[in-house]
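To start, the structure under review is shown below, and the notes come after it.
We just call them A, B, C and D in the order they show up, numbering each chain from 1.
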């Protein structure tokens, strides 16, 4: 079969590889019907994720069809249409027992396209299938569901739920790339009074408006602190969500939040930030970090099935699975192409 | 009357000043029967708290007797024995309505010995008396109650409750000064499996043991991370409480905590710290800061009355009120004198 | 001035009474600009609330203008447009400190039109004004705000928040009178997947649809359990809200709820219900009751100001203040008149 | 092998049966080293649990040694000493994903000695072994651990944690049989101010004192409401835990609880109770029910290993496994024998 293989920093190829086979009684083999590319895949290609070894098939998001299952698998069967999540869960360790699947100690966590071969292929082996794939309800679009493999639960859990967004609150979202937009769209489940999107690119701020931000601030030009102070009687945002991953945006979030508020970090960081404890120690702030756990994936599927989540809006470009190389080019040049998420489908 | 007056950096005197008078219908005048000195008072004397103006009477902790009350005061009356809390609360603003009295927007918060004259005097005016003093139950020792003016609710709320200590957990407390000890003593309300006290002074670690830590680590000599890893199957502490107030100890806490754990900062910081988001972003940690809100003060009084809180153990030195200057000397030289808390009493 | 006076069971009159005067430093006198009638007022008139004494002015909901304030009142001043809440709060007792204002032990709670004279008058004395009235933001309609005096915080706190409605969940609301509709409208703040309104009157079910229920069941005709089973894979509703106040509807709620779900009782009951512990003991259900605490009133005002709460839709009939007797007749005959809430305004 | 077999109401025998065999890849066969008898087993023998069919081996609590495991089992291996829990968990369904293992929809829940053969035998087949047995740490006594199979997590989760016991609170526990004692012993993890044990048998109240109740009331003689009112300024208990299972004791709990308090039902009920909504509707009470979920079992094991849980105190009588019939007699006649829990051990 064909797959997107990493061959060390800067090198990827769409090439012929052996089909995956069942290795454990809890495995499933899934035919990939729809797959997407994540910003993390680009990080891997830069060589920033050293535990990914050359020869690895990338990708951790897919919607597909179950082909075969190990004998211990009971919740899905061949022919089922399933969501393959970015997080695999052993379902047995102390973290999985507590719903913190992303921190799985039993061989799960983020492993697909990272520690084992991933989804950017015609087929993928999914370990711990019973607790790592989700059967899709009838009437849910596969392409919409694809957005629930990573981006939507990440924005929702790590941004909105960790940030404890509540009705009427003012939420600042710093960064309007795909993850920031996922936070913006899911923050609306809790009816905040205002969602303030902050970014330095006008095009992304346009997208933020389309996804539901009622106020946008280009912080290359304007001071978001002033705008938020106007909305909050000078107090600051109830919740500030970091969706970029650089020190400056994290520090901005800690400045924008009101006493007693929440800073929810979603961004993937490569460098330390400065934490201004000399002013923050007295302000009762809560700062959270996190990899997605995907405990919310069934809830998001329910929202999708109820027609309350316009997940397909993330998909700006569509390709056939064989167009993987060009899809990578389009996604990697998002600044020019305007790509949010790309969807590659079996034809 | 006599009072301890701040006259600018490095200058204090125990001198004659006018008696306080009622200024608002919600005020009370309280005779100070017992008062203590806080590390913050020493910071003020160093000039580190610039909003404290020369001429200010210091002190924000006392137990005393109500002398007179304004006409709107209904919950205490002359003759009542009361705890004067470090936090005054207007009881009306959005923060007070939510129990976050330390963040009061209506003229309260930490004001005594800071923005208005304080408790290191023969009498003190307490604004918003109904929501800022606590009538003491019979049978509760005044000196024990004095420890509830600041140190115990601070260690409990900002350390233990913000850190969400739960039965069976491993709690690391970095710093075994009075605030760290307050966290150690109140953490036991939640029956952690282990309390690991970490400090660089053996004398303070002895105190930590006496207050209930079952494991102590001198981090001038040993690596607390190794000891905690042994206790936690390599995962790290469930809760790490910072009770020093310097960057190194805060950063230590973020290294000691397990994925999914809590770092509760209690220390008063004068400088920023480095937050290692490049490793923390993926670890689901929660970091909290806070000034005490004193929402727990009634609960702590209940524990005191039930004989379940040995608050008097903090008091290492006792003085008459007129010995204020020597009490300051003893407290300021804690390293030599071994002072934890001093109590000055009306004679 | 004129006021609606209760003269014992079945007897009310709109008659001349003395104007109220300040009695405490914390009082305010408010001119009533808009007032409404509550189902509870009808209960009082039937003689069902024996602690209401003949001679009492009824009414516990109003929007008005502050005329005078006691000297301890600091958050409102003469001329301010304010919401007079059904709950007065001393702001000092253990319940008020915890935000449970409805259970106030310091002389507050539901007192207006109950233990002291109420709002169905040209003027009303409001005790504890700082913690019992809410200054209205500019741009908020007074008539819309009137719905925040009782009905909306009641449906929201006692129904939606006690019931812990979450995104994607199925919420059953039994009873589509004003309180049920208040639960339906505010449940939408949490984006449930389905809101199932259940009632025996088609006209009320029409209202339920207009207020946001996506499914309605007339339980004089159909079994709501069957409809909810279809929506929930046979499990039952995540949340069942009782908004009638008779044993049958409460018992229906306990049958409709899924294992692990919440039953939130909002209805005012006059008789005991049967609790089927022989089936419920094993089902992990949570049942809550409550008088409104009004801790959510500021949040609801924020939602109103943000244009996210169509509160005026409750008002089906408008009158001048002097038309009080006819307004009572219209409201008391809701079955014929279709009245939800009536608004009487100063002219 | 030998096993205790149910042969219809009133009939049990300790008889020869075939050894269990692996039936699924997720099964384990465990040699029973220690087993106990539960009050529920007596109910089954009375015929009160009709889904238990004649021929069924009873028992849902054991500590044993793993003999063989199915090929999908990864967390335990032959030779491991394990706790066999009363709750089996598929680990895959929506309830298991949320930690509500007792409500498992995937074939687990309470099945041992109920829907499949149980632990009162020389060997037992345990389905879903990875999520249904717990490897015991070295240094933990097997007999102490046996008390964690059912009674301790039940009292802790369904009583103490559902009841939200907090430091300083007054907790009423109605019923001082084994389950009530389990609530009393684990309530102490949260340092309540008072634990009031209520029962009609002096011998059980003596046990309650030994397990940590500081106040006992024989409600055949005295009114517990009066004693609790004295302790709580007339308000009532913060938490009332029902540990009997008859309407009278449940109704007593709803009378004893303060406004805003929690009633946690632990008792197994066979009849409905009367819920006095005519007085409770206004009192902000929360009532919970539940089968144990065993999410707390690892925490309880930690407490046991830390020497903070005197679990062995429950065991009043010890037998060899072959003495099963006499052990049943002793346990069934607890009133005369004073039995709390019996332990039967392989010899």
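Definition applied: a contact is a pair of C-beta atoms (placed from the backbone, for glycine too) under 8 Å apart; a residue touches a chain by one contact, two chains touch by 3 or more.
What you see is a predicted model; the values in this text were computed from it and never measured.
J.: More C-beta pairs touching across which pair, B-D or A-B?
T.: Comparing B-D with A-B, the pair joined by more C-beta contacts is A-B.
J.: Report, in whole Å, the distance between the mean C-alpha point of subunit A and the mean C-alpha point of subunit B.
T.: Going by mean C-alpha positions, subunit A sits 42 Å from subunit B.
J.: Specify, in ascending order, the residues of subunit C that touch 2 or more different other chains.
T.: In subunit C, residues 98 touch at least two other chains, as defined above.
J.: Work through the pairs of chains, note which ones touch, and then classify the graph as line, ring, star, complete or other.
T.: Complete.
J.: Tell me, which parts of subunit B touch subunit D in their complex?
T.: Residue positions touching the partner: 166-168, 188-191, 193-194, 299-300, 302-303, 305-306, 308.
J.: Inside the complex, what are the residues of subunit B that reach subunit A?
T.: Residues 95, 98, 100, 102-103, 245, 247, 250, 259-260, 265, 267-278, 280-291, 293 of subunit B touch subunit A in their complex.
J.: Quick one: in the complex, what on subunit D touches subunit A?
T.: Touch list, subunit D to subunit A: 24-26, 70-72, 74-75, 90-94, 96-99, 106, 130-131, 295, 298.
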